[in-house]
Every structure is written in structure tokens, then in C-alpha cells.
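Presented below are the structures under discussion, each in the form of C-alpha cells.
In the two complexes that follow, subunit A is the common piece, with subunit B as its partner first and subunit C second.
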Partner chain A sequence: MEKNYYVCTGCGLLCDDIEVESEKNIVNKVYTACRVGVAHMKEAKGEANFRVDNKPVDEATAIREAASILKNAKNPLIFGLGTSTDETQKLAIELARKTSATLDDTSSFCLGPLVEALIQDKVKTCTLDDVRNKADVIIFWGADPSDSHPRHLSKYSYFPRGSEKQRGWEEERTAIAIDIRKSHTAKICGNYFFQIPPEGDTEFIDALIAALSGKLPKTSYNYPPKKILELANILKGAKFGVIFAGLGLIYSLENLEPVFRLMKALNEKANFHLIPMVGHYNMRGFNENLFAETGYVNSVKFENGMVKHGPEYSVVESLKAKTVDAALIIGSDPLSSLPRSVSKNLLEIPVISMDPCETLTSKHAKVYINTAISGVESGGSATRMDGTKVNFKPVIETAHLSDEAILKKIMEAL
Partner chain B sequence: MTNAMELYQMLPKTNCKKCGKTSCMAFAVALMARELTPEDCPPLKEESKYKESYEKICEIFKPSEGATETGLIVHEDLCFGCGNCVVACPPNVANDPYGVGSGNAPRNVHKLVLTIEDGIVKAQNLGECRRFGKNKILCNGCIVTCPVEAIEFV
Partner chain C sequence: MDFGSFLAAPEIKLKIVTYRDIFQDKAMIENRFGEEYRDRSAVIKLDPADFKQLNIKKGDTVALKNSFGRIVVKAEESGYETPHRGLAYMPNSPWSNMLVSDETGGKGVPRFKDISAIVTSAKGEKVTELRF
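Moving on, here comes the complex of A and B:
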């Protein structure tokens, strides 16, 4: 019997083998998904909700108000979109073009540069299915998938048997964790856990490159050279190696040059690939969609049909410099996630918040539109952390409008 | 956890054979293996002079009452449904190589020992578990792969 599988949009892994039991549009049981996914699937709630100035209004009023905020703004900020479908993201790019907006997503302060390097083919990458089928050495660098993407190790990277790895993880795979603390993933890696001090990544990379070419690895924090040499030996013997780069690695580097250096050195001796540990389910999709439209992955400003790009157009810098005079936040909660010194400037400008959940941002927004949870209440397509396109359909029906439908209505109202 | 010798010390040590075993030591070993329960020793249960020992032994075996036949306990408050144990479990892989063995959704639920339901691991079909039955071995595939020690054997 062919089973009906759904895609979970709880994280960047986009697991496509989830079974759901639902009745009267309420999700009762979820099989195979992790706890994150189950919580995400069961998040769906009652009626649609529109608010202006924290007072409930009807749909038309909320859309009209949102459109007038965008119309009156000289330089609105459109931010979020990491948890929106490709279709929504393309609409948002069009809307940004129309309203001469500053457009950015969370990747400007997380994995954006790395995804950009992958899109531009600067680093060798592969898909997660390749990892399952072929990978023999797996490195989790500054990442803890056990907590951030719970099924990462069991579905792709370590435990499953693949077409060329049929004898399983004990015999054929080596998982290595490089981190500043003993994370849950590091616990699974056992003896192959390399604990480095915070911001010690660059030095560790250089020491590792030295060890790869047979030199004595030295670090200012006196990491045992024997351990680094041992690691270098494992890496040299890799037939299909993968580095999963997490935020821990990216945040400790000033730029990505050391990563490129390491990948080059590794590929001289062995065969190594790199996959970013994207958190939001479609952050990579946003980067790719924007790149296809403008040639940049994030932090852009549309002006008279031209596109400007630079760190000054990122969400953090534009809020800091107070260059934006309104904000449309889609599926994100900057008041909670950004530092207060930056996010407090959001309180001074009119904010439109489109989110399936009540957040700190939505509570302080001038206009709040409750949207459908994409992947649960509305369908679409998205890009997985490894760049694979995944299409998904809604699990249940809902009275909520998807963010795509709302953006369309706002654009009509404009 | 106690050992067979400690249990033996608490038994009547009369080798009365009423439990069906040849000696009290054999009974202690059977207790440890969970083949028998403290109630299977009539003198221990009935005679008042062993009352204290009987209660003590019952206390020792109490925490495992919630456990399954193989002594597997899932701490539901710790488990977050990563599925490492499901994919690593040897009988699971043998019975469903292209489903859970390859990291996918189960295709043959009726023969799987571990599955994930509502984000928490569920144990079932324990007849398939390698720790079950006469030829059991001390397999620990699901324990070593758990990042949060949510699975325990008692």
C-alpha cells in the first residue's frame, strides 16, 4: 500500500516521510517526526486573526492598513521569509522592488556568506542523499544537529545505511564533532570529539592544514598535536568526506577564507564536501531566489529599478542607522532574536507582522496578520539545506490565509 | 542494581525446591534474569520470618514493573524523537532495511522494535529485540546512539 507522506517544515532538513493522522482538520498523531516536527505540526489553531493597533479588525481593514503603511514609507524594510515558501519569497522580492524597499533575511547574520559561496560554486558541495549513500567521514563543525535538526544523524548523516554504505555506522562511518562544548552530537561522536576554545576555529583550521601536509600542528591554546595529527590522518583517508558547517564555525571567523583554505587542502588529499546547517526551512531558498533575481543573496535595497547591495542594507545595520521608516516582518520575530539595542528601533516605526504565531514582534506591531503555517496549513515548495527542491502539500485545511495570498492582496491594494 | 549473590543472601537458603529450581542460588539467578518473580518462592512470601527480606526484594524489582519484557524503559521526558535508536537497532535494520534501516519512514511496522510516535520513541514487538528470549545477547545499539540517555535497560 502506498502511504501518504507529508513534508515537515520544522527545520532546514525538510523530512519528507512524515505520516499524520488527522480528524476534522486537527492533527492527532504524527509518526516518524521528531519532537520539533510534532510541535510544528500540532501548532495549528482556531480562527483567523487580524489586528490593527492591537484591536481585532476584519481582513480588508488589516490589508488596507498594511498597504498604506508600505505606500507611505520611503524606505520600508522587508525582513524574515526564512519560513516562507519559494512562491511567497518571489512575491516578496517583487513587492520590495515595487516599494523601493530594503530586503533582507536572517542569513545576513548567520549562514548567508556560506550559501553565497556554494551558489557561486566556490566550495564543493553534495546533497544529503549523497551523504547517506556514500559518506565515510562526517564532521560536525560548530553545529549540534542533535538539538537543532534532530533527525539529521538518523535520516542522513550517520546512522542510516546507504547504497554504498550497507554495513552501517559502526564499521563504515566516522563522525567527528569539533565544538567548544560537549554537545549532544559530540556525545555520540565519542572519542572523535575535539573541544576547542571559543574563537579558536581559525587557529584549529591552520593547525589542521599543517597536520595534513605532515607538519607539526601548533595552536596558541596548546591543543595536543597528537590529536590533531590523528584527526588529519582520518581526514586524509576519507573517500567521501562531508563538513557540516554550523553557526559556531561561521560566527568565530572574520571571513570565510580559512574555510576555503581548509577545503582546498582537504581536497588535495581526499574528497571533501561542505553543507551549511541551515536552520529555517527555506532560508537557502530565499538566498537562491534573491540571487537569481538580483545576483545577491541578502541585504539588498531596491531603488528606481536598480539594486544596491551591502552590509548597510542588512536588517541589523539598517535598523541601527535608522534608515528604514517602516517594516514588514514575515514569519520572523526580530524583537526576540536581535539584540535589544538594535531591535528597539523597530518600536519607533510602524511594523506589519505576518506570522502564524503570536510573537513579541506581533504584539508590538501596528498591523498583525495571522497567517497559515506553511507546510501544515498551506503548501508550496522550498529548498532543503543541501539545495534540493522539495514540494509539499498542506496537511490540514484552514481558514487562515497563506502568507502568499496575503502578500498578493497587499500588492493589489497597493 | 543488585547482583544474584545479594539476592541470595536475602532468600531462605533452604534449597526447598518449591520454586521449581534446584537451589536458592539458582532461584536468585532466575530472579536476576527476570524469569521468575519474588512471589514464586512460597516460603519467602508466606513465612513471617522472611517478611522483611520479601519486602526488600519486591522493592528492588519494583522500578522495573513499568518496563517491557526485555527490561527496556523509555524516559519519555528526555526523548526528543531524533530516531537514532530506530535506525541503529539491528532487528529494525534486518526487518526493514529500506525503511528505517535507510533512515526513512517505517515500511513494515509490525516487525519493528522501535518507532517514533508523536516525537517520542515507542517500544513494541519485543519478541524481535535481541535482548529477548533464550538466545538473548546484551545488545546496546539503542543506548549508545541516544544523545540524551532516554533509553535504559533494567
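Moving on, here comes the complex of A and C:
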């Protein structure tokens, strides 16, 4: 019997082996997915709704009001899009161009610089399928996929019996965690958990580089040199190594230079790849789509046919400096996910919130448009955390319009 | 023992590191205004020695305060074998974000995983509601 598989858009792994039982457009059972994925695919909703000033309105009124906000703004902010399809993201870029907007996504304050380095071929990378089939040394650095990407270890990075790793984790794979706390992933790594102090990553990297070339590794926090030398020995022996870089690592670095240094040193002795632990299912897609259009992965401002780029055009700095005078937020909840000391400035400007669910941002928006759940109620394409393109179809039919359809209508109304 | 221990209501300077939690993520997807999401978000994981110094028990509420905000959350033991006095952990959430500094050095990246705050007992006080 031919199976009908769906893709889960619950995180950057985009698991493509999900089976679903649904009836009358309600998802009753979800098989294979993780705890987060099941919740995501069963996220039930009522009728489509549209609000202006917190009062229910019809679709046309909401679209008209959204278009009018964008039209009247001198520098609107368009933000979000990490949980939108490529098709939606490309439309949003076009809309940003048309409205002389500032355009950004969450990558400006998480893994954007790393994805940019991969797009520019500054770091060697590979696919998750390569990891499953070949990887013998796997490092989780400042990353806890057991919580953030629950099927990462079972589907790709540690437990599978890949085509060239039939003896699996028991004999052929070494999983290493470098973290400031014993996360669930660190527990799985057992004796290969290297606990470092907060902000201790750069020093640990340099000590590890020293150890790779046989020098005595030193850190100001007196990490036992013997342990670092042992780690260096394991890494030197890697035939196919991979570092999964998480926010714990990225947030502790001033810039990415230490990562570049480490990758260079590792590839002089062994064969190492790096994959960023992208959270939102299509953050990497946003980076790629914007890069293709502008040469930048995030934080841009369109003006008179030109594109400006820099941290001053990031969502955080734009809101802090109050340089934006309206905001279109697509599939994101900045009032929850940004520091309140920054996001509070959103309350001073008209906000259009396009989101499948009610959020703090949607509750405080001037216009709220309830959209279809991308990947459950609408289809499209996206980029997995490792750069692989994935196409997906909707699981159920819905009365809700996709964010792509809404953006088209807003653009027509402009 | 630091000065904070001699105050009538003991207080400790904390460095708070945020992290992801799968159970909390699932609760958020189901209902971000629900009780389960609040219960799994508005918590701080402390070292047992900090519990003792604050004279509180597991499940008691504590106040976390800095110049960006004040929140009341439940105290839990971290369960980590390695002692970590003065270092505490919170799931990343709108609650932890109420304490995150707006200081970014112009780089656009807030210090979500590096929060400084003072913790005191808030016995009897309710956990901070999620609203603006």
C-alpha cells in the first residue's frame, strides 16, 4: 500500500515522514512526529477572523486597513516570515520594495550570520542525510536538539543506522556536547559532555585549537587540559565530523571568527562540517531568498530602488531607535519573543499582525488577520536547516487564507 | 556568605541563562495564554544552596527584579549535579524577556541568555500574568 506522507513544519528539521489521520478537515491523529510536531499539526482553529481595532470586520475591510497603514507609513517594518513559505517570503520582499520598508526576520538576532557564512561558502557544510549516512563524530555545541529539534538525534545525527554507519551509535558514532549546563542532549552524550562556564566558548575554542596541534591547552577557568587533549584526539580521528552550532555558542561569541578558526584547524587534521541549528522551519529560506534578491540575509531597508543594509535596520535596533512608523508582522510574536524593553515600542505604532493563532502581538495589533497554518492548512516550499529544499502540501483544507494569499491581496489594494 | 544574606529578606544577585524546553514549546503551541504554558515558563531553576539562602521551598514564588522589570515566578531546583550558586536557568519565554536588557551595543542582538537580576522570596505572591 502506498503511504501518504506529510511534512511537519514544526521546526527547522522539516520531517517528511509524517502520517496523519483526518476527518472533516480536522486532524485526529499524527504518527511519527515529535511532541511539538503533533501539537503543531493538531493546532485546531475556528472560523477565519479579521479584526480592526479589536472589533471583528470582514476580509475586505481588514485588507483595506492593512494596505492603508502601509501606504501612509514612511518607513514600515516588515518582520517575521520564519514560518512562511518561500513563495510568501518572495512576495514580502516585493512588498518591502514597493513600500520602501525595513525588512528583517529573527535571524538578525540568532543564527543569521552563520547562515550567511554558509551561503558565502565560508564554512564547509553538509546535509542531514550525509550526517545520517556518514558522520562518526557529532558535536552539539550550545545546542540541545532533544528539546529544540526533538527528532534530530533519532532521525539524523546519532541513533540511525546510516548507509555507511550500520553499527550505529553503539560502535560507530561519538556524540559530544559542549554546553554550560547538562542539557537533555548532554545527558545522552554521557562522558563526552564538556561543561564550560557561560561565555567560555571562545577560550575553549582556542584551547581546542592549541590541543589539535599538540600544544598545552589553557583556559582562564582552568579547564582540565587532559580532557581538552582527549577531545582533540577524538576530533582528529574524525572521518566525517559535524558541528551542530546552537544559540548557546553564537550568543557567547563577539563574532564568528573563533568558529572560522576552529573549522580551519579541524579541517587541517580531519574532515569537519557545520550545520546551524535553525529553529523556525523556513528561517534559512528567508536568508537565502533575501540574499538572492539583495545580497544580504536580513536587516535591509529599501529606498528609491536601492537597498541599505546594517544592524540599524534590524528589528531590534529599528524598534529601539523608533525609526519605523508602522509594522507588518507575519507569523511572529515579537511582543513575546523580543525583550519587553524593546518590543514595547511596537505599542506606539500601528501594527498589522498576520498569524494563524492569537498572540500578544495579535491582541495589540490595529489589524489582525488570522491566516492558515503554513504546512498544515497551506502548502509551498521551504529550506531545511541544512539547506535542503523541501516541498509540502497542506494536510487539511481550510477557510483561512494563506499568508501568501493575504499578501497578494494587500499588494493589490496598495 | 555575601551581604544579601544579612538582610531581613535575603536577596541574591543572579545571572540567568535561558534555554529551550520541549514540554513548554508544546504547551505554547496548544495555548500560549493557558495555564500549562505559564506553569512551564514562569519558573526559575536555582541551586539548592540558593534555596537555603533565600529560605524558600520548592514551588514557592520568588521575585526577579532588575532595571528592566520585575516578575514573580516559581522556584524549582535545577537538579544539576554540578553546583551553580548564583547562576540560574529559565526557559526562554515572554517572562524571561521582561528582564532582558535593551543594551545591544548597536548590533541588534539582545542578551537573551545573559540576564542579571536580584532574586528575593515572594511567598504568597502570585505568578506574573502574561499581558502588556
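The rule is short, and it goes like this: the second predicted complex is superposed on the first by the 414 of 414 C-alpha atoms of A that agree within 3 Å, B and C clash if a C-alpha of one lies under 4 Å from a C-alpha of the other, contacts with A are read in each partner's own complex, and residues count from 1 in each chain.
The working rule: a contact is a pair of C-beta atoms (placed from the backbone, for glycine too) under 8 Å apart; a residue touches a chain by one contact, two chains touch by 3 or more.
What you see is a predicted model; the values in this text were computed from it and never measured.
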{"item": "Contacts of A:Y5 with subunit B and subunit C, given as first, second, both or neither", "value": "first"}
{"item": "Touching partner for A:N25 - first (subunit B), second (subunit C), both, neither", "value": "neither"}
{"item": "Which superposed partner A:G162 touches (first subunit B, second subunit C, both, neither)", "value": "first"}
{"item": "Subunit B versus subunit C as contact partner of A:S148, first or second or both or neither", "value": "second"}
{"item": "Touched partner set for A:K187, first subunit B, second subunit C, both or neither", "value": "first"}
{"item": "First (subunit B), second (subunit C), both or neither touched by A:R35", "value": "both"}
{"item": "Broader residue contact with subunit A after superposition on the shared chain, subunit B or subunit C", "value": "C"}
{"item": "On subunit A, positions contacted by subunit B and by subunit C", "value": "34-36, 38-39, 146, 150"}
{"item": "Touch list for subunit A against partner subunit C, complex", "value": "10, 34-36, 38-40, 43, 108-109, 144, 146-148, 150, 180-183, 195, 198-199, 247-248, 251-252, 299, 311-312, 314-317, 320, 333, 335-344, 347, 357-360, 364"}
{"item": "Sites on subunit C touched by subunit A in the complex", "value": "15, 17, 19-23, 25-26, 29-30, 32-33, 68-69, 78, 80-82, 84, 87, 89, 93-94, 97-98, 100-102, 104, 106-114, 130-132"}
{"item": "Touching residues (chain side subunit B, partner subunit A) in the complex", "value": "79-84, 86-88, 93, 97, 101-106, 115-120, 145, 147-148"}
{"item": "Touch list for subunit A against partner subunit B, complex", "value": "3, 5, 17-19, 29-39, 132, 146, 150-151, 153-156, 158-162, 168-169, 184-185, 187-188"}
